[in-house]
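Okay, so subunit A shows up in both of these, paired with subunit B first and subunit C after.
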Partner chain A sequence: MRLRLSQREALWAFAFLVIPLAFFLYFRILPAFQALWLSFYQWHTDPSQRNFVGLEHYARLLDDPLLQRALWNTLLYTLLGVPAQIGLGLSLALLLRAVPWGRELFRAIYFAPYITPAVAVAWVWSWMLSPHFGLVNELLSLLGIPPQPFLQSPAQALPTVTGVVVWQNLGFQIVLFLAGLESIPRQYYEAARIDGAEGFQLFRYITWPLLNPVLVFSVVIGTIGYLQLFTQVVNLNFTDQGGPLNSTLTLALYIYQLAFLRFQLGYAAAVTVLLFAIILFITLLQLKILTRRVEL
Partner chain B sequence: MALFLLLMGSGVMALPFVWMVLTSVKPFPEIFELRLLPRELTWENYRIVLEETGFLRWFGNSLLVATLTTLSVLFFDSLTGYTLARMRFPGKQVIFVLILSTLMVPTEMLVIPWYVMSAERGWINTYWGLLFPGLITAFGVFLMRQFFETLPQDLFDAGRIDGLSEFGIFWRIGLPLVRPALAALGIFTFLGNWNAFLWPLIVVQTPEMRTLPVGIALFSGEAGTAWNLIMAASSLAVLPVLLVFFFFQRQIIEGVVLTGLKG
Partner chain C sequence: MAIMDKKGRSMLTSVPKEAIMKKLGFLAILAFSMGFSQPVTITYWQYEFKSKVEAIDELIRRFEAENPGIKVLHQTFPYDAFQQKVAAAIPAGQGPDVVNLYYGWAPTWVKAGYLAPLPEEWGQRIERDFVSMAQAAKIGGRFYGIPTAVRSLALFYNKDLFRQNGISGPPRTWEEFLSVAKRLTVKQGGRFTQIGYGIAPDGQDHHLVREVLIRQFGGRPYSEDSRRVLYLSEAGIRALTFYTDWVRRHEIGVSGFFPGNNGYRDGFIAGRIAMIIDGSFAIGTIQQGARFNWGVAELPLEKPGGRKANFGSFWMHGLTPLATGAKREAALKFLAFLTSEETQRYWLEKVGELPASKNLIRNPKLSLHPVYGPFVLSLAYAKATPFVDEAAQRKVMVDAINRTLLQNMDPAQSLRLAASEEQKILDQFWR
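Our next item is the complex of A and B:
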């Protein structure tokens, strides 16, 4: 009787899982392997004419100047954007905890860009950053700073795009840090104060180490986000996608261009495999750091 | 001091929204003058966007796709999360790890096979083509599983004694108890799909099938320097999102906290 009950439960469980499992196998796992498979073939719309080229695409990865540009840019975005959004996010979260009123309103204002369609954000910013009629240059001129080309200059385009993305992600960071700060027991601070710690010491020896899991999470999520940067890059320089001299080209945009503008799906798939490898590496690294923290 | 810095920051955060709305009510020649307030207020830009572009159609497409995806995600993610958390059956752990592992695969890697698949099956430029990739999400399954795990077993046993079916236990006992999680997941799924750009850009071919983000992106390309029109279209695209945000602020903030601290 007991066995039959458990069998009944198992049958129900499988019935509940049939559709979701089929979905994950067919639309998530199978396509991941198909991408790998495609990366060994020369793409052709007629399946019978897709020739096996082995590792040719991967060899091409090694000396493709545009890919190197995209990789280098993606690294720059990450190195500029992740520390900026974490530093600003943490500072603003600490400030928010210090003000007596209006906390919810401020939080809402900072958070709004995060859920705003990236396309709309990109268009507003590219209008405000326009070298001739842009509001930003107008404001700079009030401070006596000469007009800047921003998105139209190979040197300034990438930092400018990063700035817009940081602006958009800031609210997310602030909310995460606020929750992290909230979870630190007050007694720790009280105990430290009794021991004579104050101001920056409290931050250095209590806040910072206890905030570590949130920081690791933010770094990893931020990095993966910048690795997949697409919408803002496309729309901020719409007529010149990838920016002047490809100065804002990202891996995701390069994949899109290869696959859907040049229809080199095989080679594009090889680039996606590279992207997957990088994301896998970062995720494993995160797991490792977080579990080590827990053990300590 | 803190207050002053926060006010400055809020200015920077809000400025693009303010500028967008102000530009959208200016007549075309005035937009290059860089006056903050419009000399002459006009609704003409909105009229043009609403009447002479595909805006309403794109809005409807986005609404349809985001709503259907959200309903599907809410149902299947919670059912799957419930099954993985509360039911006993062989292979449970393997299935869970299998689903979770898909989180590491970047969308860029999947869109190429999805495109090939869609082309071969005639899904390009259809609603099904827009919908299918998002119908069930690994993240949502994970989130719901975490929630169902925290509930006491007694509640479910009581349902069993009362003679509820397995589905009845999930539907009548499980679901009402995880309402906050459902709200957070639903809002995030809706916003995510409302704002989605990469896949809709790939799968859509004709102007009628565009979703709102694709519509305004391509429309702005076509509209060139008609910034007043672009800003009117952007304002209309941002408005529903901000409305959703102000109504569901608490759930959204809780959702971020959940994803960040438990994820």
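Our next item is the complex of A and C:
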């Protein structure tokens, strides 16, 4: 039997796709199912002593104040962080596009925090935010504002951590929006100007709708990032991780503590399944609401 | 003792023949083990800490010279990744045969199957020769580990700051402690520039409240069988009130004065904190870092002649379920070597941690030593908290302190919450 060229090409493509597919199935998908399986067992290193506990871990999820705290905190991080980094990112990208020179330099400066290791960032910020020696309070005092406890206050710690994460992600966000802005054909603006549109109207009817793909991507990726927040929280308050008083605890950090400090891998797996379900649900929801066809 | 053998012949007459047979057998085994068998390789894991890594490397060299049939592979990991590596490696059959762990982790590890019990007869040796806190390695009646060295808490103080302010020596009572600390606290505007005491609830201070103040004030943190929380008592409330008053009423310091991991110690080394309470494990870091004269004193007491109390702890070496057959034999030999008196002596010189053997700490040279002395004297009455879930139980006490310091909660109310939270943790472990 002779195959058509396109069929042969497709066959070759499938043949090559099998390799990464096997890789993904074995290293990504299989462990996910193992985690689900593990969540029904009481963890023990010896498989013969892993007792089946059914839904016991899931029942415990309902009655775990720390988990509820972690869930609430994670939600707050996302609600504060995603809009902040998208709003700031878009504003700065628009400003950067308007400046005639030095754009590259600005972009490099904004991007620097993104490529700096999160651990180093956290340590430097924990000093800058110190109530007694920190630069931030020094600046506030110039404005006549009394010293703030920031990371040491159960009320201020979460917004402070969010601020550090937003600051760190901002560079990447700006680059995304700049790329999105570059891809909008100039002719649209010119045509709109001829029709008498100007200023905010240009943004409202051309820039904003055409940036939609970038926006969807930013919202989805940003949300997933905040839902998995871990490194900055751990390192901003190293000895009392998730503190003070659990005010900065995230789901990912709680999973880590359960699994690797308390060796409760079965329960940790149940929380992981919960986190997975939350991320999946939110992502699908966002894609459904945000994605729309743009017609000009 | 039998003089006659099973068949009724005198054992004495049959000795030469039996002895020859035994010798031959022994020689055969020796020849076999030296010439024909593969050397046994065992793996030892600990976390990365420079002086300990160097000490273990040297000890392995000595051990291997004494035991030509055994090779020891030494692997280290950063402290914060250590338990994670253990958690993943052992179920995969890749981890250590002998592992170094904090005593407080042991119950969690045992429950999840990461530790194998030591042979019964080791228990007697530990009970007889080791300081009493080594008992904390006993879970469900069996020992799961054995320490080389132990630690206790003491008061580190900045001698130069004391002298400049006309203070003659370290405080003996908490009253003296407070008055000294107040004199050494400097505040400018709303911000401290120097503090009298390095407040650190998540450093060593949660131990200070739980094992020192509560006992000094006549209470007990836990029941005899360690299954019940007893600190919700008059002594407990007094202890938490007293401690949190250092910040709230007396203002001799503030937590998080220096940020970061072990900020209280960094602040002391930087000369901005006059006194800290820290473990003997901190001696090395302070020795290397501090550019001033400093001293160590036993913890202050409620009143002269009052009850003494201290928190003791240790890192122990345990066997994992991976050590089986010939590996188990080799691992036990290595364990015996690691915890011998000779090794303990070497450990003290090289790492600076106090020996775990009763014999060695009785040495007057050690108890009169200006730096080690106060720690060694404290060992006599130091108690190790019976943790079943160290991470969770530590958090309970840190949170109890922080609710009072950061949210202004009444200490009695905060302690009530802590006691019920911690009782839940104990109940869940022992159910």
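Just so we're on the same page, the second predicted complex is superposed on the first by the 257 of 296 C-alpha atoms of A that agree within 3 Å, B and C clash if a C-alpha of one lies under 4 Å from a C-alpha of the other, contacts with A are read in each partner's own complex, and residues count from 1 in each chain.
The criterion applied here is as follows: a contact is a pair of C-beta atoms (placed from the backbone, for glycine too) under 8 Å apart; a residue touches a chain by one contact, two chains touch by 3 or more.
Model, not experiment: these values are computed from the prediction.
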Superposition on subunit A - do subunit B and subunit C clash or fit: clash
Contacts of A:G180 with subunit B and subunit C, given as first, second, both or neither: first
Which of subunit B and subunit C A:F238 touches, first, second, both or neither: both
Contacts of A:W72 with subunit B and subunit C, given as first, second, both or neither: neither
Partner chain in contact with A:H44 - subunit B first, subunit C second, else both or neither: second
Residue contacts on subunit A - larger count, subunit B or subunit C: B
Partner chain(s) touched by A:Q257 [first = subunit B, second = subunit C, both, neither]: second
Partner chain in contact with A:P131 - subunit B first, subunit C second, else both or neither: second
Which superposed partner A:P154 touches (first subunit B, second subunit C, both, neither): second
First (subunit B), second (subunit C), both or neither touched by A:P146: second
Clash-bearing segment of subunit C relative to subunit B, given 9-17, 135-143, 261-269 or 387-395: 261-269
Those residues of subunit A which subunit B touches in one complex and subunit C touches in the other: 45, 123, 127, 133, 238-239, 256, 259-260, 265
Touching residues (chain side subunit A, partner subunit C) in the complex: 43-46, 49, 123, 126-127, 129-133, 137, 141, 146-147, 151-154, 238-240, 243-246, 256-257, 259-265
Sites on subunit C touched by subunit A in the complex: 83-84, 87, 90-91, 108-109, 111-114, 189-193, 201-203, 254-262, 321, 389, 391-392, 395, 398-399, 402-403, 406-407
For the subunit B and subunit A complex, residues of the former touching the latter: 2-3, 5-6, 9-10, 12-17, 19-20, 23, 31-32, 34, 76, 79-80, 82-83, 87-90, 92, 95, 98-99, 102, 104-117, 119, 132-133, 135-136, 138, 141, 166-167, 170, 191, 194-195, 197-198, 202, 212-214, 216-217, 220-221, 227, 230-231, 234, 237-238, 241-242, 244-246, 249, 252-253, 256-257, 260-261, 263
Parts of subunit A lying in touch with subunit B, wherever the complex brings them together: 6, 9-10, 12-14, 16-17, 19-21, 23-24, 27-32, 34-35, 38, 45, 92, 95-96, 98-99, 102, 104, 106-113, 115-121, 123-125, 127-128, 133, 135, 138, 167, 170-172, 175-176, 179-180, 183, 213-214, 217-218, 221, 227-228, 230-231, 234-235, 238-239, 251-252, 255-256, 259-260, 265, 268-269, 272-273, 275-276, 279-280, 283
